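First subunit A sits with subunit B, and in the next complex the same chain sits with subunit C.
Entry: the complex of A and B
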């Protein structure tokens, strides 16, 4: 039987390491693009300050990049150590984008990061700009392949179950690659990373202006962050809406849970701005609702309903009944793969096999499940409504705040009034942690909202774990907590020290008036 | 730092790193620690009986 201590500990370990890793990823994505913009201005104008800006922010990028790499590798190991059955079941599909990410994007990124730091004296300005562009491209490609893998977990297309090998097998790589969920997730996540980078540059620059240091660098950096950040913050909202629209088609339960949509309303459904979802009574107390809005966002129509949790649970119950048939046929096929009747029955019900597997939480053989166990399994398809409801609203509120923040920054930038607006500078500085909070909340909504599935509708999470002792997982979890805490201390120390010393205190890059023409100055 | 000394230090670092990785492999990833997951194991996990001998698959 499944050891649910192992399930809980493995989930906790993966959640902690993934959330921790994503503290570094968005800043890498955002800063790499901001470096490209700054260096492009340097190459176009030849003005020394833009090179120094690129190098200063590049140093912070480098510290963050190293931490991102260190924390990313451990996650891939966990698929083998903690999620062995998951890896067997879907490794054929899931492994391909991860391998491509490692071979293509990561090598590209890692190679050109070295050239970025050590190539200032050895490459021409244009060649160095190309290197910086390839670092940014590598970062984004890295995110692309990971998000293709993740999107397949949300919307498993281009694969089928093989009862002989007892695993999912790839049927169409093109379908996996062009998964619409992957495209929406990629642009949404990358744009969110750009917002993180922009807020970071804006906040640190604001700190310099408040201190009366590095004003020339800080004002130019703020202008870049404000304009790039405004465009990206607007994009995040639009692209997030696309993600939500796709989820309303293939992850209806997630959308219903995010909206605390307990019952199907007559279309177009209203959007609950605020309220307190109550799981026991399946109502939302003190709900403040905007009419029509949810229907328009989720279905982009006025006559299509947004299905409520009750109706979706009823559908899950029907799929569990079909899944029991699939499981029974699978048992017969494992005994006699040539049995034509069993094969026909399996093919008729195999789309619901995952729903049948949900019963393994309650009973050893799904065919023996009682109506109460079927009902419990059907209700287990509902994720944690209050957590999703609040995480989503907080994320959206922060997204809207960033638009306002960047809009004000952009206005002040065009008027050259940063130094007179100390209240805004303090606000920009105080906003520093907010984009990370928004990004982490986004992942909580995406991944916690996918539960109870590891692969939506295909593989329940609890079936993916390795058969290892719970003590082993607890020990590795403790090790991660200690090791990652140490890494966090190192990261914060290096970042604070570098920012504190600032471009004026770092004597690495004397202005090289004697640099040869056409060469990037040291 | 001379090139020779740098080479010696890099050599020591690489040797120490290789030893640390070998120790980690030995402690956590060597054959005794490796979890065997094949079709039969997956079938057991999904509560499907083992296949008839004629279709049994070789372990990976």
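Entry: the complex of A and C
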């Protein structure tokens, strides 16, 4: 009944298009904020160089923004094309934040971005600054609504199942909006985007300084990136911790997998710094553990246990048994909606309906499942432990590295000593790809770690797909890979070319008379 | 408190309003994308034509994105069934639409004739292909889409890609292409100077004539050539959405049923034809602003004409008519419709206000001289 080729291909296509889209989104978030800061300094001081900085980084922003918009179009429609059952099952709740994102945020961002580029002569300085601010506000608001939608997939609050329509329906919009996971995710993700923008500006400015080009512009850009980046890098890590704390209430399994916590330890649990999780034996080899740390982070206490994978699987098994009851009652209600016994039974078990649906991977009717199949379904709730374990550690290490990088940059900036520290400039340049890696790893931890669920505890991923032929999905996947790769080549080429020409090579501004080092330059 | 039936009708009207917003705004930049290679001769002229839409197309396109989001939120079954059933067609539309942001952003960055020609054609594809395919999609709604629901309530499509390209659907595609070309030409006539404006006017006149002929032909085909559908019973406007509960009858010409029972509605298609003819005539008289208004009316009246014919159907099924989607059985819950309505009432006026402000800031014609205006480095 379920075509697992379609499931695999659809998942692969979603992952690739989402990861690709997420190469451009964080830079849009970060650069729009940095443009706003630079232009604000221009409007306040009236110094021409700050306007040049805004316009130069704006050029790179423009190249990136187009790619973000282009790849975002795919995302808005892919739920319908590839995840039709998902769309039907949760559209009543999930569609609303997506629609409001368009109405409240993307309209704002997209309408004013044209004026950012074409409004320099048509608007007063202050009006143009306001336009830039609205672009930045629009992009961050856009992230807010998308993350409200995403957080609902991680922690589906404010909704119930309606057996008359065979789908989830909204119970409380306020709960969906105020979902604590949404708040933590928003701050974490947006701050991560700001870090991406800051590292981008820092690295390219460092390259100019290493080449002895555009020194006045590069040093000021570095100062902005260093201070903004330091604040944001600290937020990402602190509020990433918040995200872990919340996940322990809603997605204990994800935390257990990230920590490769195979068995519940007596509290407070230790944090496994390093090791090799082994899925077969359900142990972690060569584990290097910091006592107490995980218990403190995840439960904010020394006496609450962090539940291990085996205990969570046992709980899943119990919920599957209850889910079978819910599914049986639902079938009875479908044939006779007035049946009071079936209704009472459904209401008693409906919270576990999603667990019953997990069995559809193995049997046509969950009620016919053998104990082995129930056990397999229970174990299918464990995400890919080694991948999560490593991705999470790499992401955190990068996050800590960015704090150090920005701290040094900030120190050098206050001392006006960039030029003397070529080693730092090289390090800053070499760091250019790292924030993207961290951002993509974060996506993997959050979304691959959500598996096997599309909606945590509600709808298994394999069930959400469309009934399209696998050949069609293979064709679109191949098409996206070819088309997106071509666009990536063009985008990188244009970025590198624009950066290589630099503010001094555009033939637009008069080349400053060999701007000498020093702080007195306007 | 507005009841469920009224909410569903309001959201049907809002869906129409979104489509009209899309056609009136993004429609002109799709149209300009379609004609600028032919109306503009040489780099400077083409650049002027593109610059007439460059600062605004991005905001215009949000009408399309918002359309996707709004259908997801208000008509989840329609969102699920239409995009998955039209899988490969949707993929082509997405690829064509993706060419636009990158085309506009990348084209001018390198002063090389081959580079610009490449992106010019990308922008042509990004304009003409969606303009054609949106009409093809509407044509398929009239023909009915070959789908039904399985036991889990998953929409299952039983046609194939070529099935979507039947003659009537292609005719509907040409209606849409002519309509959006007229709109783009009217906009270009208004926003750029001669000689581009006079060539755009000529293109617009041709598009207006083509539109009137094609639109009337499509209407005759709907009346005499294809089957329409009526709900014969079982649909309850106040009940939870269940597309399996109704009975549907199929009859030749039935899509004109709403017009037959409410004769005043004939005014809508009449306005579409008259406004297009007026737009063509006004372009001939070089009154571009009036022509643009008439062309915008044509967009709205054409979309309403199709919507009224199909009402209350959203996506009829050709293979299992009883399982087709109507506004009574494909909507979100009353609660979601109500909350989304509040969001629209709060935010849409704000959107319209700042969009109007942006167009005001950008007012004035683009001449070959004004291209040298200082918009920063490129």
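As a working rule, the second predicted complex is superposed on the first by the 507 of 522 C-alpha atoms of A that agree within 3 Å, B and C clash if a C-alpha of one lies under 4 Å from a C-alpha of the other, contacts with A are read in each partner's own complex, and residues count from 1 in each chain.
As a convention for this text, a residue touches a chain if its C-beta (ideal position, glycine included) is under 8 Å from a C-beta of that chain, and two chains touch if they have at least 3 such contacts.
None of these values were measured; they are calculated from a predicted model.
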| item | value |
| --- | --- |
| Partners on subunit A (subunit B, subunit C) - clash or fit | clash |
| Partner chain(s) touched by A:499 [first = subunit B, second = subunit C, both, neither] | neither |
| Partner chain in contact with A:351 - subunit B first, subunit C second, else both or neither | neither |
| Which superposed partner A:67 touches (first subunit B, second subunit C, both, neither) | second |
| Contacts of A:166 with subunit B and subunit C, given as first, second, both or neither | both |
| Touching partner for A:366 - first (subunit B), second (subunit C), both, neither | first |
| Touched partner set for A:110, first subunit B, second subunit C, both or neither | second |
| Partner chain(s) touched by A:330 [first = subunit B, second = subunit C, both, neither] | first |
| Residues of subunit A touched, compared between subunit B and subunit C (which is higher) | C |
| Location of subunit C clashes with subunit B - one stretch out of 9-17, 27-35, 63-71 or 297-305 | 27-35 |
| Subunit C-contacting residues of subunit A that also contact subunit B | 81, 84-85, 87-88, 164-167, 463, 466-468 |
| Residue ranges of subunit A in contact with subunit C within the complex | 1, 55-56, 58-59, 62-63, 65-67, 69-74, 76-77, 79-82, 84-85, 87-88, 91-96, 98-104, 106-108, 110-115, 117-123, 162, 164-167, 169-171, 173, 463, 466-468, 472-473, 475-476, 479, 483, 487, 490-491, 494, 497-498, 506, 508-509 |
| In the complex, subunit A residues that touch subunit B | 81, 84-85, 87-89, 164-167, 327, 330-331, 334-337, 357, 360, 364-366, 463, 466-468 |
| Residues of subunit B defined as touching subunit A within the complex | 28, 35, 37-39, 41-43, 45-52, 55, 57 |
| Subunit A-facing residues of subunit C, complex | 54-59, 61-62, 65-66, 68-74, 76-77, 79-84, 87-88, 90-91, 94-95, 97-98, 100-102, 104-106, 109-110, 150, 152-157, 239-242, 332-333, 335-336, 339-340, 343-344, 347-348, 351, 354-355, 358, 361-362, 373-378 |
